[in-house]
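Chains here go by letter, A, B and C, matching the order in which they are written, and residues are numbered from 1 within each.
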Amino acid sequence: MLDIQNLNVVYGTGRLRVDAVKNVSFHVEPGAAYGLVGESGSGKSTVLRAICGLAPISDGRVLVDGQAVTTPRGKAFYRTVQMVFQDPYASLHPRHTVDRTLSEPLAIHGEKDAEARILQALREVGLGPSFRFRYPHQLSGGQRQRIAIARALILRPKVLLLDEPTSALDASVQAEILNLLDDLRRRLGLTYILVSHDLAVVAHLCERLLVMRNGEAVEETLAESLRSGAASNGYTQALIQASQGFTRVASQPAQALAG
Amino acid sequence: MTTPLLDVEDLRVRFHLRTGIVEAVRGVSFQLGRERLGIVGESGSGKSQTGRAILGLTPPPGEVTAKRLAFDGIDLLTASKRTLRTLRGGRISMVMQDPKYSLNPVMTIGEQIIEAYQAHAKASRNEARDKALAMLEAVKMRDPGRVFSLYPHEVSGGMGQRAMIAMMLVTDPDMLIADEPTSALDVTVSMEVLRILDELVTERGMGLIFISHDLKLVSSFCDRVLVMYAGRVVEELEAKNLREAQHPYTQGLMRCLPTLADDVRPLPTLNRDPSWAL
Amino acid sequence: MAGAPLAEQPSSLRAWLLSAEPNSRWQARLGRFYLGWRAFTRNPLAVVGLSVVVLLVLVAIFADVIAPYSPVAGGDLRTQRLLPPSATFWLGTDDQARDIFSRIIYGSRITLFVIVLVALIATPIGLLVGTVSGYLGGWVDTVLMRTTDIFLAFPRLILALAFVAALGPGIENAVIAIAITSWPPYARIARAETLMIRNSDFIAAVKLQGASTPRIILGHVVPLCLSSLIVRVTLDMAGIILTAAGLGFLGLGAQPPTPEWGAMVATGRNYLIDQWWVAAMPGIAIFVVSLGFNLLGDGLRDVLDPKAAK
């Protein structure tokens, strides 16, 4: 479904040159969920932004459904690929009601039957019609993220790019959103690319994942091997260790990092 | 029994807003010895307001009341402004979430540590400088001399937070309140910061209040945990007994996190019982 | 539309307006408006300002009904010149034996005309230039903002004078001159706001839906710039009224016998010591209306732009 070949993203030139993504390649099957894991500055979000055109592709290719993407992306691309952002407080227009937010993509693509599709989109993300005319400030963080997901799904895309979709939410709300995403993928046959710093979240939602560090791919592995602790790379091990909580034993991930 | 380091009884924080009175903290009581106490809760649980109220940093429309709020026998509610100033930053310190906002951007890190030290200890500039360098070394800065003369924007988040800890611990406080000290940091970096914090707290025999939303982290780091919900402590337990938590909220919080250890699908969600907030 | 509850008593109307689950677009919009209105009315000075502005509008509309005399045709030049305020002539008469009260009443139409026209010309220009410049960036931004800088570099009254001198005196030319000199600050404000908005996630989200640039600017950026611009325009109204009056005073705005307030002050100048009311009465009118707009602008700022109020 999605093929990333030797992707490079470079910002600036000369002394200000930043190589945000260096030669990253991966392949995602239709209906699969693929995770990108790493810490800040690892370039994981930049990969996502490069796929959808918010970041420049300096070198390499991005293929969707076997077709290389064009810059700027065409309308057909946006009907296939949609994105959900990290912060639900920033990704909804503060002066637009839910109704306006959801009808905008339909209007842009000249879709008929907006009324029914808005109600259906709300139903899909587990919200009733009573939410339709609310403003974002009348919604909780979890409800906002549901609206953002509904907005991404209303054009019936095949690929959903998820940029840390739960990291701004409380733990209990995170569980609800993760369940929703899991459920939607199965029901609608979606392909996911999930970016997160949280190994457990990625392992929960995805089958395969790529560990990134400083713009480079460190290791591609399966969620299964994360669970069994079979990851070979030292950095991945350090991440696994850190995600287990604080350990007073003299294990030093800092040393693993230095290597 | 000896006097506890901090004695809090029936602490309440109210905000008088246009729309009415909002009670952020509703009768919190606990005692702190020379130990690591964790306060856990989700957003809006009042955990941060509890920490701020102890330090007298409740923002303006807020009002703090308590039956008892005493630090080492000193009543913090009736203490004079001067006493409070000497305590704050001297015997009580606080580490905030994001070093970007809590360090002064136009002063070098070294100057800030020196200033913090001199505000509470009579020391010559040279002594203060030595102390600051020693402190930077204590927080495992690789090159204390260089970090000393850097400005906050020139260091990474993890280094900034370590500098912050150095600044807060330079006066040898008896109690440290850390409000989400690692939430803005990457996991591997935050482990490093926590390890440093842990060493210092243990070595110096400080009391630590560790405020966080991360139940897993708090229970692995602290000795004792208070779980807050809607401004109240719903459960208090030993960190090692977290698995035997009684309150449905604590149990729910524990279960709803995805883990690497087992694959539960769908994740159990939290059904908030209105009676928890009563 | 759920219009039925409107007829019921205020308490249920309020509940309908403040409903957390509006049933229609209109209810949501009205509810939002009502919340703003409640915040606005908490500021008594702002309400005073609003009353002054509403009064100005009403007076302008009903000038024919309110004014007791003709604003243009004078009375008996031998007996009714320069009379002090009295029961017959509430605010006295001027040197042409015209009733000053009636002239002020009719003058409100001219003031309102100037204000509305300037707002209608300058605000859209400033808004468009600012948002386009801020959103597109690059050379478009450079060209548009340097143009704005050039306009900003001219002193407003002087440029207005030059314009009027070139186009000939008259109220329409004065309006054009004022409008042309007042849009640059709006463009700057709109650009500053746009720069903050354009990198936000909700703009990225609508871009990813395939929205065209005009659609993003008009539908998503402009509404967010509008509130701070409305505040600024309202606060500027006092200055615009004064500029219009200043042009009138210099004889370059409205031409006699049009009852323009600034021109009225100018005629009164000759009798300032002995017949003070001739100049003072229109002066007070200018003062009250300017103050009204300033108070209204302050109140609006508290409601629409909470950041700036703090």
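What we mean here is this: a contact is a pair of C-beta atoms (placed from the backbone, for glycine too) under 8 Å apart; a residue touches a chain by one contact, two chains touch by 3 or more.
For clarity, every value in this text was computed on a predicted model and none was experimentally measured.
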Chain with minimal offset from the mean of all protein Cα atoms: A
Maximum centroid distance from chain A, chain identifier (CA atoms): C
Computed distance of Cα centres, chain C from chain A, in Å: 47
Centre distance in Å when chain B and chain C are each reduced to the mean of their C-alpha atoms: 52
Whole-Å gap between the CA centroids of chain A and chain B: 32
Of all residues in chain A, those that touch chain C in their complex: 52-54, 73-75, 77-79, 82-83, 85-87, 90-97, 99, 104-105, 108-109, 130-131, 133-135, 138, 148, 151, 155
Partner chain A, residues of chain B touching it in the complex: 42-43, 157, 186-192, 194-195, 198, 213, 215-217, 219-221, 252-253, 256-263, 265-270
Chain B-touching residues of chain A, taken from the complex the two chains share: 39-40, 141, 170-172, 174-176, 178-179, 182-183, 197, 199-201, 203-204, 226-227, 238-248, 253-254, 257
Chain A partner contacts - residues on chain C that touch it in the complex: 20-25, 27-28, 32, 200-202, 204-212, 215, 219-220, 223-224
